[in-house]
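The structure appears below as structure tokens.
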Amino acid sequence: MTGLDRIIENALAEDIHTGDITTLAVMREPREARARLIAKEPMVLAGIEAATRVFHLLDPLILITPHFSDGDALKTGDNIVEITGNASSLLQGERVALNILQRMCGVATLTARYVAAVQGTKARVVDTRKTAPSLRILDKYAVRVGGGVNHRTGLYDGVLIKENHIAAAGGIGVAISRARAYIPHTMKIEVETESLPEVAQALAAGADIIMLDNMDTATMVEAVEMIDGRALVEASGGVNLDTVREIAATGVDIISVGALTHSARAMDISMLLEVS
Amino acid sequence: MTGLDRIIENALAEDIHTGDITTLAVMREPREARARLIAKEPMVLAGIEAATRVFHLLDPLILITPHFSDGDALKTGDNIVEITGNASSLLQGERVALNILQRMCGVATLTARYVAAVQGTKARVVDTRKTAPSLRILDKYAVRVGGGVNHRTGLYDGVLIKENHIAAAGGIGVAISRARAYIPHTMKIEVETESLPEVAQALAAGADIIMLDNMDTATMVEAVEMIDGRALVEASGGVNLDTVREIAATGVDIISVGALTHSARAMDISMLLEVS
Amino acid sequence: MTGLDRIIENALAEDIHTGDITTLAVMREPREARARLIAKEPMVLAGIEAATRVFHLLDPLILITPHFSDGDALKTGDNIVEITGNASSLLQGERVALNILQRMCGVATLTARYVAAVQGTKARVVDTRKTAPSLRILDKYAVRVGGGVNHRTGLYDGVLIKENHIAAAGGIGVAISRARAYIPHTMKIEVETESLPEVAQALAAGADIIMLDNMDTATMVEAVEMIDGRALVEASGGVNLDTVREIAATGVDIISVGALTHSARAMDISMLLEVS
Amino acid sequence: MTGLDRIIENALAEDIHTGDITTLAVMREPREARARLIAKEPMVLAGIEAATRVFHLLDPLILITPHFSDGDALKTGDNIVEITGNASSLLQGERVALNILQRMCGVATLTARYVAAVQGTKARVVDTRKTAPSLRILDKYAVRVGGGVNHRTGLYDGVLIKENHIAAAGGIGVAISRARAYIPHTMKIEVETESLPEVAQALAAGADIIMLDNMDTATMVEAVEMIDGRALVEASGGVNLDTVREIAATGVDIISVGALTHSARAMDISMLLEVS
Amino acid sequence: MTGLDRIIENALAEDIHTGDITTLAVMREPREARARLIAKEPMVLAGIEAATRVFHLLDPLILITPHFSDGDALKTGDNIVEITGNASSLLQGERVALNILQRMCGVATLTARYVAAVQGTKARVVDTRKTAPSLRILDKYAVRVGGGVNHRTGLYDGVLIKENHIAAAGGIGVAISRARAYIPHTMKIEVETESLPEVAQALAAGADIIMLDNMDTATMVEAVEMIDGRALVEASGGVNLDTVREIAATGVDIISVGALTHSARAMDISMLLEVS
Amino acid sequence: MTGLDRIIENALAEDIHTGDITTLAVMREPREARARLIAKEPMVLAGIEAATRVFHLLDPLILITPHFSDGDALKTGDNIVEITGNASSLLQGERVALNILQRMCGVATLTARYVAAVQGTKARVVDTRKTAPSLRILDKYAVRVGGGVNHRTGLYDGVLIKENHIAAAGGIGVAISRARAYIPHTMKIEVETESLPEVAQALAAGADIIMLDNMDTATMVEAVEMIDGRALVEASGGVNLDTVREIAATGVDIISVGALTHSARAMDISMLLEVS
């Protein structure tokens, strides 16, 4: 079972559990129906496969006819996808499908706004590990659909050395050389810094990537100048739609934004159902 | 394993997977540390048990000293809880614990604003099934902490008869009598209506609860008058912080708000770590 | 995976585990076969979908031709269903399918006897939580097939306030008002009583349902009279086929019977197999 | 996690799911309580460890004081075990613990009656695979407690060659030699027979165990005589408390009884709770 | 889900986890491809179904055309199987399929060498429980393909009484009679011995199988003579390709070899892929 | 549950399943015992925590006294660890613990031989994805203990562009630029090459790591010279203990060796048990 299917199975079990008691009680005979998912506001579409997979897992005989693809810009009233089949299956899948789709569209739409805000600079907008617990693959996929790029997925597939690691190792040089000896040769080493002297140390110690954590933009400019292309530079902390352009203008390579995944508002999408 | 533990185990597996490679590489010797979770803005605290359970599941020897309880109103700078023990365990649990806590505080804080907005009316603010997939028990708990009340948990523990059910059954009277015959005697029957004639029919058919779906407040007033205490009345659709007070003033018993759980912004909380 | 599929997968794993060693050793070549499930005594059929699903999960190419439906009254010798396909699959599924079907028919048949016994009264026969561990959805389904109605499914989807709850809360009024404030508006409140004074208190406190626990029928008559339609009345305890009619005659609305699910005898059904 | 723990976890999840809503709503403060499990009729005790494990898995701080052991003969009123601790934990575990214990005592008690019925003969009473789906280890344990012995656990740990296997292999000799070549040397081969000529063939082909399926006792006597100790003899089919003694008197070694596990009545046991 | 599918699902999750990042990044459009698995050295083929099942579980539209069957002797360059379909699916399944197939062929090939070495004697070569954790069913299957026979699968489906069991029981006679009373009548009893006096005791106590543990061949000859067909005889310990023939010549019935499954070298097999 | 615990739980379930029938039958009373794990040949110890965790998961009261640590060089007869506690628990855990420990010591010991063979060169010995299905974390840990370094863990945490990826993308430049745009900035890009012209192309296209696949050492020398430190160089294919030194002498940075994990022989370790 893929990660996506597991997420959907868990969500369906959570919502349906022992059965949709209303439908079981009231809709005794099978009925054919047609459902349409309608955008109720402008948005970037993300999650069409995940949302329709919900119905397919509930009932393999459901037919799916998508009218848009992930990444498309939708306007109010757009008919995203038609889903036809047994009415009970459509009613049972409705809420889970919408919960997934509305969240993913929310993340993609917010990401697209950040990406637009830095257009013309060299900065890429990346996500963080501040995702909804157990939904990280959906959140990170939606960031990509919105034009962002992913940071490491978790603690296991990327190295980020922080102040406490350095303190425990007894210095930034030791920390980096320990990491280099331990990690696969396929990984780079990123170091978090909070001041220009720390940037200088990280650079001297051979960091591949230097994170500027919560610095003001003036300091960032100095840092970028000091690093001068010898390491990638990531800005982190205090990023929002009002500040992101100015941060990008400092010349950093990467801007990481927690809000993309922890504070995106759900997009308004509803399902219209016609029972035939 | 409880539902909470399963959520945490999944979230930890998602984040740590084969191991926190930075800590494994750099922190060779065990170090004691003290972490504090700090509120960076005012909020209603929710999820303290869930967040600290993360550390306990990672490492049973971690000590937890909470300074506040769920439901407390926090101000900026409040030290929510102290967590002491092995530094690696603290670093590994940090992100998952914060992801859970920031989301739950966000939901509770937003709920509290809705509850405050209707204060003095008889309306109760309730949630919906518009929750993050597989996190419903956390979302619904946070709503309660914020002063709201839960609607049914899923499709299995409450009856809500919609237009399509009525059409399939051939009428609202048939739909209700089928439901009454089928469901446990411990459940009530709620019917969704979109107009005053539908309200009248639901009332005549013996509905225990009548949902007024997307009605304007003038119509709601008429509906409440028509129902006159013979059924509970729930307002649904188009509810936000600007409109909720006016809706409450119509005399409805219950106002359900999707935004509580699908669009709450994460509260700003950070973890300070001191390695000794 | 649905709850039914999970039950079947567990049962198959329990029975087959690393393989049907006899068939693996002896039946080297695939053989087509036809199996028939035969009723060896009169019974109410329940579980035909669950039983045949066993074969389908083992082998999607198996063909199922049912001759009867759940709820049908079978007589000795009736050919319930024909199952054709690979002989090994039929042999491997036989025992699990029969174990499920024999149990479910037993529950439905016993329920039907209780329902018949109260015919003409207004009482409905309901089940309890006294089901076989992890088989509750099958047991409760079989009760419905037999003409009974379900009580709450578990501790989570219905409220039943018992003596200890009342003692802990400090009185029945407090207990009910706490419950009303906490539970979804879609749920009713049931209170367990053991004497007429307790019935009077529950009624005064606004219970929606009053359970008369282990009362004699004379007391039940008084209780029904006292309640007088202001709450639903459930009789519980000491119910068997000899007493159920007299209990129904007291005017109670609901009679709950643990024996339906904890003491039903398995019906006699066997599988005849012809290898071609 | 052991098989027992998995059964209990599943049963608790089934019953409690998102929470014991009554206790959550009404019992706000933790209360200490003492529960006693009381036998309400004579029985053979079985399952004391499984039943009390329920409380321990819910709450490790619960204290268990058993007064009897599995295999003990209980009389009405016996106080089986005392369980003290948090009242909520006791209330939440009550039903699952009783469902397990009542079923297991039922199986052990019925088994003990069969064992008593054949006392003085050489026959051992054994169970079958006709157990409740996913509860086989509990059912088979209870049979042992009642004085019976287990047959093979499933299709994987014992060989039983039936008519269809023989037909598919092309003869009993081929079937047995195929089995002997394939199975571990630690297993015996049992063959099902329905007539004396089949018994003769099985014997000639070197079966270790010969099952006499649905034979009358006169034929059984002849079969036992014919076999004359060269193979073990198992009687199967049509066994009940009225016939088992006569069957044992034929001289068979083993009598298998499906009713032990598929039709045992639950024993009457209740839990008395005192909240302090 | 069968045991095989569970092993494959785990292996795929282990290798692919959140996605094959190279293929996701680089191969944007679906491409058809043809893969061939090629033997790079002579070997006994084992695991063709397991290996190709990997691709089928990843992608049900993959087509499989096997050119050889399990048990076939392959020579260098043989094209074992062709697999056609989506290139991404083939790339994602390659490593897991090969890991399974190379291991299973290794076990089968090594087993075949032991079997060849004892040809003409009556000894059967059997495996042990010294298998790779959680891969036992694959390892034991490969032993059978190589011409060996399985010993018991685990601790649950066969009895092997060792020195410590005998010491705990207080003697070999007690140990065997306890076992006989407890175990299903379908199982035999094997006893481990380390000297001729122990062999004599086991024989006198009625052991069905006597294991000669780490004896020299001269002693084995004496033991076989002493036992004289009254029990099966298994040689164990110190068996390798240099010694196995001499051991077989002692007249033992069974020779168990741990190396078959714990030290088989992976066979050299590679996958050639052509993208069209 | 950690990955290690899941592996052990699966292995214990595989071996013990419904119970250690010999011990259940024969050892009626609990007995204290002391076990020692003894090295029967020289080896590098790896897996002491995993092996002893087996006993701890079976029985939390078991006491573990290790005399050596992972990475220690053991000689024949060394007493690795003492384990004391209930004899049944020791007997039940013995095989699983040894299966894990013998495999891990085998991998570490073989790795140490490769590492010794390249001593004095700058080459690091790394593993591959050719591990036993579902045991990768153990295999890769043992490689580290033996002095090797890990390559990427799976397809998800490192990029390796092969010939088919390049063909599908339409050229190596396109493939690398697509990868750079897609992957987290924390990952490097490795490209597989089979000839010097391909090396030149990979270098020109900006590959971070260049794999020399199945080249002879003369060609490797040329490749290393051509690359001249502008990318890391990995040698792969045809590596064994006879060739590894010569390959290292070519100046490559990394040598990957499949045999470390797919063909390591199990080390000879046995458990001595004394029941008191």
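To keep things simple, chains are lettered A, B, C, D, E and F as they appear, and every chain counts its residues starting from 1.
Here, a residue touches a chain if its C-beta (ideal position, glycine included) is under 8 Å from a C-beta of that chain, and two chains touch if they have at least 3 such contacts.
Computed from a predicted structure; not experimentally measured.
S.K.: Using the touch definition up top, find the fewest steps from chain C to chain F.
M.R.: Contact-graph shortest path, chain C to chain F, evaluates to 2.
S.K.: In the chain contact graph, what is the shortest path length, in steps, from chain A to chain C?
M.R.: The fewest touching-chain steps linking chain A to chain C number 1.
S.K.: For chain C and chain E, let me know how many angstrom lie between their CA-based centres, rounded off.
M.R.: Centre-to-centre distance between chain C and chain E: 45 Å.
S.K.: Chain C to chain D: how many Å between their CA centres?
M.R.: The separation of the two C-alpha centroids amounts to 22 Å.
S.K.: In whole angstrom, what separates the CA-based centres of chain A and chain F?
M.R.: 33
S.K.: Two or more other chains touching the same residue: where does that happen in chain E?
M.R.: Answer for chain E, listing residues that touch two or more other chains: 17-18, 153, 156-160, 181-182, 187.
S.K.: Between the chains shown, work out who touches whom and classify the graph as line, ring, star, complete or other.
M.R.: Contact pattern: none of line, ring, star or complete.
S.K.: What's the complete list of touching chain pairs for this entry?
M.R.: A-B, A-C, A-E, A-F, B-C, B-D, B-F, C-D, C-E, D-E, D-F, E-F
S.K.: So in the complex, which bits of chain A are touching chain F?
M.R.: 124, 126, 144, 149-153, 156-160, 181-182, 184-188, 190, 209, 232, 234, 253-254
S.K.: Would you tell me which residues of chain B are touching chain A in their complex?
M.R.: 7-8, 10-11, 14-29, 31, 33, 87, 91-92, 95-96, 98-100, 102-103, 106, 129-136, 154-162, 164-169, 175, 178-179, 181-183, 187, 258-259, 262-263, 265-266, 273, 275
S.K.: List the residues on chain C that touch chain A in their complex, please.
M.R.: 1, 3, 137, 153
S.K.: Could you please specify the touching residues of chain F with respect to chain D in the complex?
M.R.: Chain F reaches chain D through residues 9, 17-18.
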